[in-house]
Amino acid sequence: MDSEKHTSERNALEANEISAGYGEAQVLRDLSFELQEGEILSIVGPNGAGKTTLMRVLMGLIGPTNGSVRLYGDQITDLPAHERLGHGLALVSEERNLFREMSVKENLVMGSYSERGKNRGERLERVFDLFPRLEERQDQHAGTLSGGEAQMLAIGRSLMTDIRILMLDEPSLGLAPKLVPELFDKIREINDDGISIVLVEQRAQEALQLADSGCLLENGAIVHRGAAAEMLDDEDVIEKYLGGA
Amino acid sequence: MSRFEMLERMVDNRLFDTIKAHQTTIGAVVVAIAVLIPFLVPSALLFDLTLVFIYGMLAFSAILPIGYAGQLILAQGAFFGVGAYSFVKLTEAGLPPVVAILVATVFTGVVAYLLGKPATRASGIYLGIITLAFNELFVNFLELFPDFTGGSTGLSAPSLFPSVMTGMIPGDVLYYYLLLLVYIGTVVFFYRLLHSEFGWALLTIKEDPVLAESIGIDAQRYRLLSFTSAGLICGLAGGLFAPFNGYLSPPMFDLHRTIDIILAGVAGGLTTPIGSIFGGLIVVLVPEVLRFIAEIRLIIYGVLLILLLMYLPEGIGGWLREKWEQ
Amino acid sequence: MVVSIEQLVFIVGNGLIFGSILALVAVGLSLIFGVLDVPNFAQGEFASVTGFVIVGLVGLGIGLVPSIIAGIVFAFVAGVAVERLVISKFYGRDEFLLLTFFATFGITIISENVLRQMFGGFRQIPGPDIGSIVVAGTSVNLLRPAAGAIAVGMLIGLYIFTRYTYMGLAMRAVADDRRGAEMIGVNYERIYMLTFGIGAVLTGISGVLYGMLFTLSPTSGVALTAFAFTIVVVGGVGSFFGTILASLLIGLVDSFTATMVGSRWRFFAIFAVLFIVLVLRPEGLRGGST
Amino acid sequence: MGGFDDEYQRTIGMPTPQSGPLATDGEAGLRASDVAIAEINEELDEEITLEQQDGEANPEIALGVARDLNDEGVPAITGTFSSDVSMALSDFAENEEIPFMTAISVDPEIVEPGDDYTFRMTGNTTQKLRGMSEFLEQEDVSGIGVIAADYAMGRSAVEFMEQEAGDYGMDLVSDAVVPMATDDFTPELQGIDTDEIDALFCPFPGGNGPTLVRQMREQDIFEEVDIVIGHDSYGMEAYRDALGDNLVDMYNWGVDLENERARQASERMQEEFGVRMDALSLPNYDAVHMLAQVIDEQDSLDPQSVRDGLAEIEYESASGWDVSFDENGDNEAFQMIVSRWEQDGDEMRNVVQYTSDVVEP
Amino acid sequence: MKQVLTLENVTKTFGGIVALSEFEGSVEEGEITGLIGPNGAGKTTLFNVITGVLSPDSGTVRFRGEDVTQDSPHRICRKGIARTFQTPKPIGSLTVEKNLRAAYRFGEPDPAVSEEERYQQTLDLFDLRENEDVRAENLQLIEQKHVDVGRALMSDPALLLLDEIMAGLTPTEKVNMCETIERINSEFDISVLLIEHDLKRIRSISDTIIAMNDGSHLLTGTPTEVLANDGLREAYIGT
């Protein structure tokens, strides 16, 4: 792989004409999506556009009513979530989905479940490095963490295993201002290791600055897709989503 | 959608359209049937139909705490028994039957209140097991003090109506009308109660007690209220059941009864007060219909119970409401 | 009431043995409740069904040991079947707790009556004759302490399993947050099945011991379930040691009441204990802590 | 009030457990009544039928069945069931004015003073306990212990011994009442002082009785106590295993299975159903016989005339005692029969040891 | 100026963890006060202590001069403190209308304003008219947040506590939310205490900011003062 700019033409993740929703309510409409190997893709869009729903479909937490999902070219539409992880796809969900009755440490240990603890010590260290707060609180029940601490743990847990694609749904939610640039740096670092990243963020500006390409989701459909830098200059995007900047 | 489902839907829709179109006629027919039934059916069936009303009332002791307040109470059988036994004891002490029913109701309410006071601090499965334990203790108590309670042999209960009345109109017909009226009263009362802010408070507590408190709802007080109401309604039903049935014994108030009562609530729909009549019908008539297969009857009953839970999650009342709203 | 030394030895011994058998039922229940949130009213049925399967096989002339093995395998299969055929239909539904409580109650009715049809009434598993000893004046069948020891051994094994193996951790993780577990690669369906299977096996083993020491009847299952619920709640849901502690406590209370007050008061005493504990501590003896 | 249908049937109604915990006992009773009715019909011009429905040993269900039967116009009801069911059916009988006969329920409360429609062909608790005590007196028993199940007979036994043991020259040394579902009797058994007790009395109906017997065997009680006596359920199949080959001094009360009629009935039942009569089924055979006899003899199927016929009846039962009813409906000609378990080749048999004087209610 | 809320020496520990340590602080009547601090500083815990959800190990909470430390949450609500939660909590099974009306009926609002009047005002303020009959669980995040604040408003509080009400909103939505909060503050005369990690927003909306760290009070002042503080920059804002 090219070490300078590691985005290649190959699609790491790809969705074709996906429709999905909850019960009667349709959220995603014939949405197509692709993530190139090695890139950071930032998805922005208003509340309720369907960003989280898209993440869930990609991870296999809900099934699409229509369309297909491919991972490195392989059809995975019907693959359950736990098997997708085995193929290198991981998600930090909006709800965090922590194991509330287990300690912080146990949560992290469970993060390495799919590899049954390979390189566990090393990875723990990496997470504690990023979030020293978690090291201080490793014996506390995850359910009693503060909002921001819980967010740190959710991110930390996803870093406990070897993956190829990391999807982050609003990872900066609830984090103190000081931590946000640190988190974004870390995301950059992870990406430098060759991991492709999907980043859903309300901090659109910062996210787009970090990303290689961007994607604007509105009303369950992608209305704009392009280089991140380009989108940062787009008047329309600025006005709508970057708060007039 | 399978062809079968499509067909089913068509039938459903037509059926409900027809029903809607002739609402008043159908309503009148139902009322007429309800009034005339005593003259149309044999006495064993009339007895069962009267029992349906009792279960219809009892269903509210599941609907209110479980369906609305999210309190898993498993002591309805015992409350029912407290009402029934106190009716007998009170009439033995010389109270006129009608007064005895009222006193028995209040007494059951007091028992429920006293139990609820500590018990409602617990929730979920803990509350379930505390109340289940109370139910067992009650049955145990009946068996342990046979001199007072008749023990496992049971007690006979006096009739509610003086023989002058039963001389003119048969007792079972009187009971039928009495319970029909009481049942209608119960439904109206609870329908209104549950659609007032009382019902909202219970639903909020069920969802999140902290949230409820934060908008000014005294969660503990409402929990206790709902618990006590369950006791009251069971007590009233028990007070009416004793003279109607004429006989009481401990196993009639054990966990199986409790389950039947809650089942009446579940089958009717835990959040649809009007469903209670269907709950009563199912709980009373299904075992009756199955009687002909003696040996395997209970096995079939178990299977039906599971299927009902699987395929009618909202109960019959919920299912009807859904169709109606479509 | 004066308790002599002999009586005390008898009470404690009997109580601990009964308590450890109960612990197997209770831990099975607690495991299933903890992981799946199913208040499994059919838990005790795994004991009676396993016991009766063994009675049946022995009756067919099959040796005791193969029968026991077959019985335990049967328990596992029964557990998995219950999860697949019944419980799995309720996942994600409102009122899950209530619905599964009732559905498992339905299973109890079925199992009780199938056993009655097949075996009639009261049966005993012919335990191996490993002799007896005289303790404090009464002769004690050695099978009793042996059963207690087996129960304790199983429990320790389970504890190690849930604390220190990834599979065990995964069970706890699924219990906490199914989606979270899925996202880190846990096949939750398999965990659910396995949990039910293991829960059933633990309780099945208690059925073997129970059937050798006492008498199996189609209603033994319900009685064990009632004990187990009491224990789990007194011990605090999800608390392993709380459950064990409560089992022994209930065993002792039971034994004490039966010996000193009279068997009629057993249930009364046990439910009274439950009642008192919960009124004082609504979350159980060790509520909150694990 | 009469039935819904005013036509009365030539049918005896039987709400009897066919499911639920007493299904096994109920079934034995049903077979006995089948044998009885077949026997009767061989001699009648017009058949009498049985309408057997499942009453589940549950008073409520049994009452539902009784209501149905009443609606169908049966002129009389009988069956095998526990005391609580009999209690409920007796109330029903008095209210609906339909004769009801219990074959085996012993609770005195079932037949209340002034009852017109309730009949009991066996003895009540006191009658049975008096009869048994006569036997124990004759055997020179001085110390007696009781381990009783928690039901009418069990509780009455303790009460009776507390009050009247002295009248029969006995001393109540120890007593315990245990719930029916008990399956560990070691707490009770370890409390028994075998040195002081000559006879141990165990009123324990079906259920876990065999477990009690087995655990008594394990504790060598049979070797140390002269007489162990159980109640009529001890004649059942289930006890044979439990008793094993340790039969020393094991007695039970109940019926006389050795007389000619009982033997014949038992053989017929063996032929048709593969089981023998026992102390719970034989009285039911008698009850059906009595009702059929009355129905056939009266010229009307009206419940009232069946009742009148029963009130007058003088019947010699296969169970071993005579039957005639006092004004309440209790059997004033009851005699207690005590048998002993004996090994007879491969078989075990109940051999009558003692028949008491007539014990009035 | 009067203090609507005063916290004296409030300490709260969980086992060995000190979440609040002798916290001191106050909210001036009529103001919008911002509450900031690093993750785990104890902000949410503080809200829980004020509203009676948690009772402090020691210290006093005064509301309009009255000691409310030992009061239960529903009493505190009726006395005039309303709140929202860090994750929105609509009463899912009730419609928006019932969500709002319930708060009026269970609270102790000023009888001068009728339920209907208050209800109409709230609908308008949060643009909820279209959703009146929608069950709250079916709303989108932003709408749920509106219901949450609207509900708090319906109980007619003197003090409104908002926990990260703007988290997860788009920049535009945040601006709108800020405007709404300001209107609540000025038009309804309600003091506001608000937790927020978005410095831009908190700077523009707050009259006063309280900064806390590790469970203790760090400093109070105008937004400019506080946000310029070196200690706070070090612990919270970064460079």
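Which chain is which? They are A, B, C, D and E, in the order written, and residues in each are numbered from 1.
Please note the rule applied: a contact is a pair of C-beta atoms (placed from the backbone, for glycine too) under 8 Å apart; a residue touches a chain by one contact, two chains touch by 3 or more.
If you're wondering where the values come from, they're calculated on a predicted model, not measured in any experiment.
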Any chance you could name the chains that touch chain A and chain C both? none
Fewest hops from chain A to chain B - one hop per pair of touching chains: 2
By mean C-alpha coordinates, which chain is most distant from chain C? E
Across all chain pairs, which one has the most C-beta contacts? B-C
As a quick test, compute the distance in whole Å between the mean CA positions of chain B and chain C. 32
Per the centroid of Cα atoms for each chain, what is the distance between chain B and chain E, given in Å? 44
Rounded to a whole Å, what is the gap between the Cα centroids of chain B and chain D? 37
Listed in rising order, chain B residues that touch 2 or more other chains are 143, 295-296, 298
Junction residues of chain C - those touching two or more other chains: 113, 264, 267
Touching pairs of chains, which are they? A-C, A-E, B-C, B-D, B-E, C-D
Can you name the residues of chain C that touch chain B in the complex? 33, 39, 86, 89-90, 93-95, 97-99, 101-103, 105-110, 112-114, 117, 226, 229-230, 233, 237, 264-265, 267-268, 271-272, 274-275, 278-279, 282-284
In the complex formed with chain C, which residues of chain B make contact? 66, 72, 118-119, 121-126, 128-130, 132-134, 136-137, 140-141, 143-144, 259, 262-263, 266, 270, 295-296, 298-299, 301-303, 305-306, 309-310, 313
Which residues of chain A touch chain C in their complex? 59, 61, 80-83, 85-86, 90-91, 93, 95-102, 106, 109-111, 113-114, 116-117, 157, 161
Considering only the defined contacts, which chain E positions touch chain B in the complex? 51-53, 72-74, 77-78, 82-83, 85, 89, 91-94, 98, 101-103, 105-108, 151-152, 155
Report the residues of chain D in contact with chain B in the complex, numbered from low to high. 1, 3-5, 18-20, 23, 53-54, 58-61, 63-65, 67-68, 70-71, 83-84, 87-88, 91-92, 95, 107, 109-110, 150-152, 155, 179
